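Consider the two complexes below, in which chain A is the common component and chain B and chain C are the respective partners.
This part shows the complex of A and B:
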């Protein structure tokens, strides 16, 4: 396989990284909102959040993407495939991240929340200044894990027409008939990206204050 | 938008066939994954450092790459190295290899959770290695490996949807085909999502029941 082909794959992997990163970040914001809904004590909000999380965790991402891709035009919403891909991945990862965060929020010491209340923090202030930072710190390993899962899952957005790493490999296979070399190379690139994220994640985990004592 | 599920539901024979294929692939794939994963974990535990390191590589590669890429590599690349498989066996094989890497890690953690003293005690009593695994290790780790195994089974159920991309006639492919033919793709996908959802919830429920059944074997906290 020529360097030319490999460099095309590398270029496409930038799209994979871009889509995954944006989706993880949007998913994180959505997950925090879902957690707020869960902690709000307002029943309809809690039920809505539970429904959302259960649906997106209980159905394959491929089906979610196919549904989204066909549902939006029917609803009269026209979006480029990049936006559809990001929306689909964000909604899915939000559900998984909310589930991860739930454990984190349970790990926030009660005393800290009570002290914040006593100090006159509003519920929103307590949530954003006390609960969220601690929950995020506690679930950092799970977040890194989720980032790797999304990098792999982003291969599915090829079905909504976005040319990322997997789709580029598919396109090149169609014109060169070298599936073995191309898919193996694509796999290698995914592996390198994921190992990098795993290593960086461990570094971050150890460097941030509040690392668990060994 | 005309929302009409009847168009889809009138094709119930095809839909049920698709659901049957999904369940077949899922059950066989999960059992094969667990069996192969157990073999890998056992080989890594008893095969010495070299086997352990040699097996760590494929496990990490499989865990670090998307299932879709593995599937395409096997199905489209396989014929170039003399491995021409039909869609269904290719899908089953890919799913089993993929799942086995994750199951091997589940069993590895399970092996590590058993107190070494129990194994040593059994060895002192003259248990063979097979007996130690069968009588001591497996029962003791069963409770610990059950929840992640159920979780993995659910992940594999959702991954079976990808087999539609190599034309395995499971329920995602069936629903897509019917949806396109009948110009009711959204309805087909909604129904499809609902079916997966029900299957996933059922699998989770079964897992929790099994956990309850097993929990009476929980080891007393030391």
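This part shows the complex of A and C:
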């Protein structure tokens, strides 16, 4: 297999990394908002959040993406396939991350919230300055894991018309008839990306300020 | 201004059907150290936590410098939750020190002390940090300002926690067994800080197993047993005989442990 083909795969993998990273970050913000809804004590918000989470965790991502792809035009919304892909991945990962975070929020010691109350923090300040940072620390390994899952799941976004690593490999196979080399190369690239994420994640866990010395 | 910092009136606290505090009436005098002693499970922490509204009383009322804490009574005598802003205003007069320190692990010592100065008091970052550093200096930790709680000893963590509470300039400091989670060789540094505060005239309510501290620094001692306040008075009177049989029994367990030299 020529270097030219491989470099096309590498280029497409940048799209994979871009779409996944943006989706993870948007998903994280959404997940924090879902957690806020859950902790707010406001019933309709709690129900809304629960419904969102069970829908996106209970249906296949492929179905969600196809649904989104066909739903948006019906609703009169025109979106480039990049935006559709990011939206689809973000919504899905938000649900999983919210579920991960739930455990993290439950793990925030009550005393730390009480000392925030005594310091005069408002509920919103306590949420953003105390609960969120501590919950994130507690769930960082799950977050890294989710990042890896999303990097792999991003291979599905080709159904909304986006050319990322998997789709590029498919396209190249169609014109070169070298499926083994191309798919093996694509697999290798995914593997390298994910190993990098895993290593960086572990370093982050250890370097996080205030992490207990191991 | 009256000489009462905290007034507890007919306080009842139940968890489900168990009564943990049974009709407690207690006045905490201003500018003095009031100690709460009693066997484990007698309700000391619960009473102290009620004084900070971290626990809601089932019945009765608590006044901080004359202002109701947590609940107010409307015209018809019905009890209602106090508005959040009013609760925060009254509660801002109280600083609390917990047995488990409860420092925020993702902030340095300086960050822990400065956080509320910035976010609640609205000071600029540099003002807040200068003030926080002054408080850390007061508890002898100016050279640990950049350390995270996980990098500090228990005694140091507790002193940071005291500095964090003091930075907000409370009128009253509540201590819930501030030294119980510490190794014996570390209790001294925390007790010294508390002694210093007492000498400055801080109003303090101290739940403690350190009978020696209660006897020497406290000017009022209350003995709780099974949710009832059996005795309140000057320490000398508490230790004088004859004593209430339950108090006698309680003190004996301490004397057995070699605390007799302190009493």
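Going forward, the second predicted complex is superposed on the first by the 209 of 214 C-alpha atoms of A that agree within 3 Å, B and C clash if a C-alpha of one lies under 4 Å from a C-alpha of the other, contacts with A are read in each partner's own complex, and residues count from 1 in each chain.
Everything below uses one rule, namely that a residue touches a chain if its C-beta (ideal position, glycine included) is under 8 Å from a C-beta of that chain, and two chains touch if they have at least 3 such contacts.
Quantities reported herein were computed from a predicted structural model and do not represent experimental measurements.
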item	value
Contacts of A:134 with chain B and chain C, given as first, second, both or neither	second
Touched partner set for A:209, first chain B, second chain C, both or neither	second
Touched partner set for A:124, first chain B, second chain C, both or neither	neither
Partner chain(s) touched by A:112 [first = chain B, second = chain C, both, neither]	second
Chain B or chain C, by number of chain A residues touched	B
Parts of chain A lying in touch with chain B, wherever the complex brings them together	54-55, 57-64, 66-67, 70-71, 74-75, 148, 152-156, 158-159, 166, 169-170, 173, 179-180, 183-184, 186-187, 190-191, 194-195
Chain C - residues contacting chain A, complex	52, 54, 88, 91-92, 94-96, 98, 100, 102-108, 115-116, 119-120, 148-151, 161, 164-165, 168
Of all residues in chain A, those that touch chain C in their complex	109, 111-112, 114-122, 125, 129-130, 133-134, 137, 208-213
Chain A-touching residues of chain B, taken from the complex the two chains share	1, 60-61, 64-70, 72-73, 76-77, 80-81, 158-162, 164-165, 172, 176, 185-186, 189-190, 192-193, 196-197, 200-201
